[in-house]
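Got a structure here, written out as C-alpha cells. Questions coming.
Each chain carries a letter (A, B, C, D, E, F, G and H) given by its place in the written order, and its residues are counted from 1.
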Amino acid sequence: MNESPRIAIVMGSDSDLPIMQAAVDVLKELEIPSYVDIVSAHRTPARLYEFAASAETDGFDVIIAGAGGAAHLPGMIAAISSLPVIGVPISATKMAGEDALLSIVQMPAGVPVACVAIDNGRNAGILAAQILGTADPEVRKRIGAFKQAMAETVRQKAEKLKR
Amino acid sequence: MNESPRIAIVMGSDSDLPIMQAAVDVLKELEIPSYVDIVSAHRTPARLYEFAASAETDGFDVIIAGAGGAAHLPGMIAAISSLPVIGVPISATKMAGEDALLSIVQMPAGVPVACVAIDNGRNAGILAAQILGTADPEVRKRIGAFKQAMAETVRQKAEKLKR
Amino acid sequence: MNESPRIAIVMGSDSDLPIMQAAVDVLKELEIPSYVDIVSAHRTPARLYEFAASAETDGFDVIIAGAGGAAHLPGMIAAISSLPVIGVPISATKMAGEDALLSIVQMPAGVPVACVAIDNGRNAGILAAQILGTADPEVRKRIGAFKQAMAETVRQKAEKLKR
Amino acid sequence: MNESPRIAIVMGSDSDLPIMQAAVDVLKELEIPSYVDIVSAHRTPARLYEFAASAETDGFDVIIAGAGGAAHLPGMIAAISSLPVIGVPISATKMAGEDALLSIVQMPAGVPVACVAIDNGRNAGILAAQILGTADPEVRKRIGAFKQAMAETVRQKAEKLKR
Amino acid sequence: MNESPRIAIVMGSDSDLPIMQAAVDVLKELEIPSYVDIVSAHRTPARLYEFAASAETDGFDVIIAGAGGAAHLPGMIAAISSLPVIGVPISATKMAGEDALLSIVQMPAGVPVACVAIDNGRNAGILAAQILGTADPEVRKRIGAFKQAMAETVRQKAEKLKR
Amino acid sequence: MNESPRIAIVMGSDSDLPIMQAAVDVLKELEIPSYVDIVSAHRTPARLYEFAASAETDGFDVIIAGAGGAAHLPGMIAAISSLPVIGVPISATKMAGEDALLSIVQMPAGVPVACVAIDNGRNAGILAAQILGTADPEVRKRIGAFKQAMAETVRQKAEKLKR
Amino acid sequence: MNESPRIAIVMGSDSDLPIMQAAVDVLKELEIPSYVDIVSAHRTPARLYEFAASAETDGFDVIIAGAGGAAHLPGMIAAISSLPVIGVPISATKMAGEDALLSIVQMPAGVPVACVAIDNGRNAGILAAQILGTADPEVRKRIGAFKQAMAETVRQKAEKLKR
Amino acid sequence: MNESPRIAIVMGSDSDLPIMQAAVDVLKELEIPSYVDIVSAHRTPARLYEFAASAETDGFDVIIAGAGGAAHLPGMIAAISSLPVIGVPISATKMAGEDALLSIVQMPAGVPVACVAIDNGRNAGILAAQILGTADPEVRKRIGAFKQAMAETVRQKAEKLKR
C-alpha cells in the first residue's frame, strides 16, 4: 500500500469530511490508497483549476468529489480534466441534498459526472475501485470477495432474525 | 449609447439565446449598452476563468449569466470575480428549470448569485439596470418611468376588459 | 462608519432575526453600515407600502428583505420601489424554505427580485456590498480582500487535513 | 340580477382571463352578479392597495383573486382587507402552477387565503357562492340544486357507459 | 357566547388536536363559539356521511376540517354538504404535509375546498370568522380590530428591535 | 366468461375511461370478466357509499378505482368496504399525476389502498387477476403464461435489434 | 395458527424491521400466520431470485416486501413471481421515503406492485389479509370486525373529546 | 475497431433506443466498439440475471444500462456483477424522469451505480470511455481531443454571435 495513490478524494468544505471519510475507508478495506484534499469550487476557484488541470499528470486515474448545496465541484473538475469524476451529493442544506443531487447529476451532454446516492461516500469509493478493477484483476477479485462478504452478512442477519 | 458596455451578458450555449436576448432588449429599452458572449462553464472552462478573472478590468460592473441543467456558469463567475453576478435559470431539460434554479440559487455562504425567475432574461436585465441605477440618477429615473409605463399598460388592459 | 446607511435590511417577523443578523454582520465586516427593521407584508401592509415608497428618498440604495412561507415581502417592495431588492427565503415552515424560495424567485417579467440561497442572510449582505461596489472602488477592494481571506481559510483547513 | 355585485374577481394579468372567466360563468349559472378587474400586485401596487382598502366600502363581501408565478395578489389583498379572499393559483410558468400554489396557500398565521385547485376558477366561483349562501337561503338552495344536477350528469354518463 | 355554534371543527384523529385547537382558540378570541368533533373519513365513513349530511340542518354555516396524509376528510364533507368547507393540511407523515396539501387543495371542478396553509389551524378559524362576517357587521368589526392589533404587535417588535 | 364478474372497475369521470379501459382489456386477455361503472367520490358521494357498501354482497371480490387530482375515490371505497381496493392515480391535472398518487397511496394505518403506477390501468387489471389467482389455480396458470409471453416479446425485440 | 404461513414478509435490511414488524403484528391480530425473512435485492441478488422463484411452490400466496432508497426488492420479486406483491416504501434516506415510493410504485405495464403508504407496514399486513379474504369468508369476517373496532375507537375518542 | 467490445449497452425496452443510441454513437466517435441489447429487469428477470452474471466472463469491462419509471435495470446489474455500471434515467413516464433518476441514483451503501443526467445517453458513453481510458493512454488521448473539439465549437459559436 506504499504505491502513489491513483484515486483523489476532494471535498468543498471540511464539514463534508464525515461523509467523504467513508470513501477513504472502503478504499482502505479494498487495499487501495487514496489522496484526500479540500478544494472549494466557490471559495478557491484557482485552486480547483490547478488541481483539476494537473490531476492527470499528478498520477490520478479517478477523482471523487463531494459537495453540498449548489455543488459545482464535481462538474467543474469534469469540465477541466479528462479523468472520470465521481460526484457525491451532500445533504448540507435544508433541501436535504436534493439541490446537490440535481447540480451534480444534470450535467450537459459532453461532460459527464458519475453521480452516486446522497451522502453515500462509501459507494463513491467502491465505484472508484470498480473503475480501477477494469484493468486490474487483483482489484476486481477483491471487489468480488467484498460483494460475497456483504451477501454473507445479510444471510447471517436473516438467520439471526429467524431464531 | 456609444460608451463601452458596463453589463456583460453570457450564456452557456447558443440555444440559450432566445431567453437571454430579453435581457439585451430590456437594457436597450433603458438605453444601457450590453456585451453578449457564449461562455460554457463545462465545455470551455478555461474561457470561463479568463472571462471572469478579467471582467472587472475589462470595465464590466455587472455580469448576467444564463444556464440550464446543472447550470454552473453563474456560480463559477461569482467564485472568480468580485462583481455582482445575476443568474438566469433556463428550462433546458426535462426538469423544467428546477435543476438550474437550485444549481444557481443554492450558493454557499461567501459567494452569492442574484437569482431571478426561470427563463426570465428580462428581469435579469432590469435588475442589472437597477444596480447601475444605485449610482446613476439618470438610469434610476428611466427605471421609474419604465415602472410607470408598465402600470399604465395594466390600467389600459383593465379598462379594455371592463368595456 | 458614521455615514447614513445606504442598505436597509427588513424582515417579516422578529423570528427571522437569527437569519437576517448574518447580513448585518457581514456588512459590518465589510465596514458598511445598515439599517434594520421589521416590516410584515401581511400583518403591516400599510407600513410596507410606506417603507418601500420612501426608501429611495430615505437614502437607501439597496434593500434586503427576508421572509418565510408565502414570503411576499421582497416582491412587494420590488413592486413599489425602483431600488434593487435582494430576497432571502427563510425556512420558517414545514416545507423547509421551498415555499419561500418559489414565492421570492418566481417574480413576473418587469419586477425582479435578486434571490439568494435559503436561510443565507450572509450572502444577501455580500451581494448588497457588491452592488455598492459597482460605484465605490474602496468597497470593491474590501470585497476582493474578503474573497482572498476566504480562500486562505480553505487552504489552511486543507493543510490541517493533510497533517 | 341587477343588484350591485357583492363578489369581486381580480387577476394579475389579462392572460389569466381564460381561467378566471370560469368563476364569472359559474356565478352567472348561480344567478350571482360579479365584478371583474385586472389588478397586478407587482406592476400596479398602488392600484392593489386602493382596490383592497376600499373593497369593503365598495360593497364587496368576497374577493376572488387569481395569479401565477410568485402570485402575491391574493395574499396582499388579504393583508389589506378584512374580507374573505379566495386565491386561484394559475399555471403561468414552467413550474406548472406549483409556484403559485405555494405562494398563495402558505400564508402566515393571522392572514388566511382560501386557496382552491390550480387553474380552477370554477371552484373559486362556487366557493364564493357558498360563502354568500351562509346568510342567503335562496343562494344555498341554488347550490343544492347545482350539486344535484352535477350528480345527475354523472349518473347519465354512467348509464351511457353501461349501454 | 351562549348561542348555538355556527362553525363546526372536525379532525380525522385526536392526534390532530394540537393543530386544530388553534382554530378553536382564535374563534374564542373573536367571541365566536365553535363545535369540535373527531370524524375520520377512513375509519368512520358512516359517521362522516351523517355529520356532513346533517351539518346544515344542525345549524352549522361553515365547516373546518383538518386531516393529514391522504387527507380525504375536507373533500368528502364538501362532496356531501353545500356549506363552505375549510381544509387544514396537517403534517402527519414523513412528507411534511405536502401529501395532505395536494389531497385537500386539488379538488375537481364543482366541489371546492378552501385550503389554508399546512398546520395553520389558526388561519382556518380566522377564515371561518371572515365568512360569518360577510353577513354580520359585528364580527367584521372584530376582525378589523384583530388585524389592527396584529399590526400593532409588529410595530412594537420593530420598536424593540431598534432599541 | 358468462359467470358474474368478481372484479369491479370504477372511475371518477368518463374522461378517465381511456386509462381504465386498459384494466378491462388485460382482464379480458386473462379471460376474467369485469364490471365497469362511473362513481364520483366528489360529485356522487351517495352513489359512492351505496356502491362500496354493497360491493361485497354484489359478488365483487376486488375493486379497481381510478381517479385524478385530489383522487378520493379509491380511499373512500377502502374506508367503506372490506374488499381489497386497487387505486390508479390518473394524470388529470397540471401536476402530472403526482397529486393523485399522494392522495391514493398515503392512506392512514388501518385502511390500505393498493396503489399502482400513474396512468397504469393495465397493471391494476393484472394485480386484480393475481389476487383472484391466490385461490384459483387456473387464473394463476394464465398469469404465468402471460408473463412468459411478455418475456418472449422482449426476447424477439432484442433479436430484431441485433440484426 | 399452526398452519403453514401463506404470507411472506421480506425486507432489504434488518434496519427495516421496526417498520415491517407492524405487518407481522396486524396479521397476528387477524389470526393469520406469516413468514419473515431478510432478502436484499442489491446485496443478495441470488437469494432474491431463489426466494421469488420458489415462493409459489413454497406455499406462499401473497408477498409483502419493504425497502428504502432505490427500493428494488418489491419490483424484482414481482418480476420473477406470479404472486401478488405488496410494496412498503421505507423512509431510510434523507429523501424521507419519496425515493422508495417512486421506485416501488412506478412499475412498468405488465409487472404491478401493490404500493402502500410510506413506512406503513401495518397497511401492508391488512391488504394481504384482504387478499386472502377474497377466498376465505372467515378472514373476511375478521377484517369486517377489525374495521368496526377501529370505528368504535374513533367514536370513543370523540366522546372523550366532548367531555 | 474489430476487437471484441468491452462496453455493453443495455436498455429495458426498445422504446429507449433513441436515448441509448447516443451512447453507441459517441463511443463510435471515440473509436470504441460497443455491444447493444434489450434486457428488461421486470419482464425478463432471468435474462437479466444471466446477462449480469456472465458479463465479466463475456469480456465486458463497463456496463451502461438505461431505464425509465421504476428503472431497476442498472441497480440489479450492479447487484449481480462486480463491473462498474453506468445508469441512464429515461423520461418514460409523466414524472419526466424524476422517478427513474431516484430509482437509479439512490442505491444503498455497497452497490453503487454511476448515474448520469436524465435522457443523457451521450454522457454515459463518454463516461464509459473515460473509464477505459484509465488504463488506455490512446483512449485518454482521444477524450482529450474530443474535449478540445467541444471547446472549439463553443468558441466558433461565440464568434458567430458577435458578428
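To be clear about the criterion, contacts are C-beta pairs under 8 Å (C-beta built on N, C-alpha and C of every residue); 3 or more make two chains touch, one makes a residue touch a chain.
Since this is a predicted model, take the numbers as computed values, not measurements.
**Q** Figure out the least number of contact steps between subunit G and subunit H, where 1 means they touch directly.
**A** So the least number of steps between the two chains is 1.
**Q** Once the contact rule is applied, which chains count as partners of both subunit B and subunit F?
**A** D, H
**Q** Rotating subunit F so that its CA atoms sit on those of subunit H: what angle is that, to a multiple of 5 degrees?
**A** So the copies are related by a turn of 90 degrees.
**Q** Please report how many Å separate the Cα centroid of subunit A from that of subunit G, as a whole number.
**A** Chain centres of subunit A and subunit G, defined by C-alpha means, are spaced 35 Å apart.
**Q** Roughly how far is subunit C from subunit H, going centre to centre by Cα mean, in whole Å?
**A** Roughly 43 Å, centre to centre.
**Q** Can you work out the whole-Å distance between the CA centroids of subunit F and subunit G?
**A** A distance of 18 Å separates the two centres.
**Q** In whole angstrom, what separates the CA-based centres of subunit E and subunit H?
**A** Centre separation, subunit E to subunit H: 52 Å.
**Q** Give the residues of subunit E touching no fewer than two other chains, as numbers and ranges.
**A** Those would be 13, 40, 43, 46, 69-70, 93, 95-96, 98, 105-108, 110-111, 117-118, 147, 150.
**Q** Which pairs of chains touch one another in this structure?
**A** The list of touching pairs comes to A-B, A-C, A-G, A-H, B-C, B-D, B-H, C-D, C-E, D-E, D-F, E-F, E-G, F-G, F-H, G-H.
**Q** For subunit F, which residues count as touching subunit E in their complex?
**A** 12-13, 40-43, 45-46, 49, 68-72, 75-76, 78-80, 93, 95, 98-99, 102-108, 110-111
**Q** Spell out the part of subunit H that touches subunit B in their complex, as residue ranges.
**A** For subunit H paired with subunit B, touching residues are 91, 96-98, 117-119, 147, 150-151, 153-155, 157-158, 160-162.
**Q** Sort out for me which residues of subunit H touch subunit A in the complex.
**A** Touching subunit A from subunit H are residues 22, 56, 61-62, 82-84, 86, 101, 105-118, 120, 122-124, 126-127, 130-136, 140, 143-144, 147, 150.
**Q** Per the contact definition, I'd like the list of subunit C residues that touch subunit E in the complex.
**A** Contact set of subunit C toward subunit E: 13-14, 17, 36-40, 43-44, 46-47, 69-70, 93-96.
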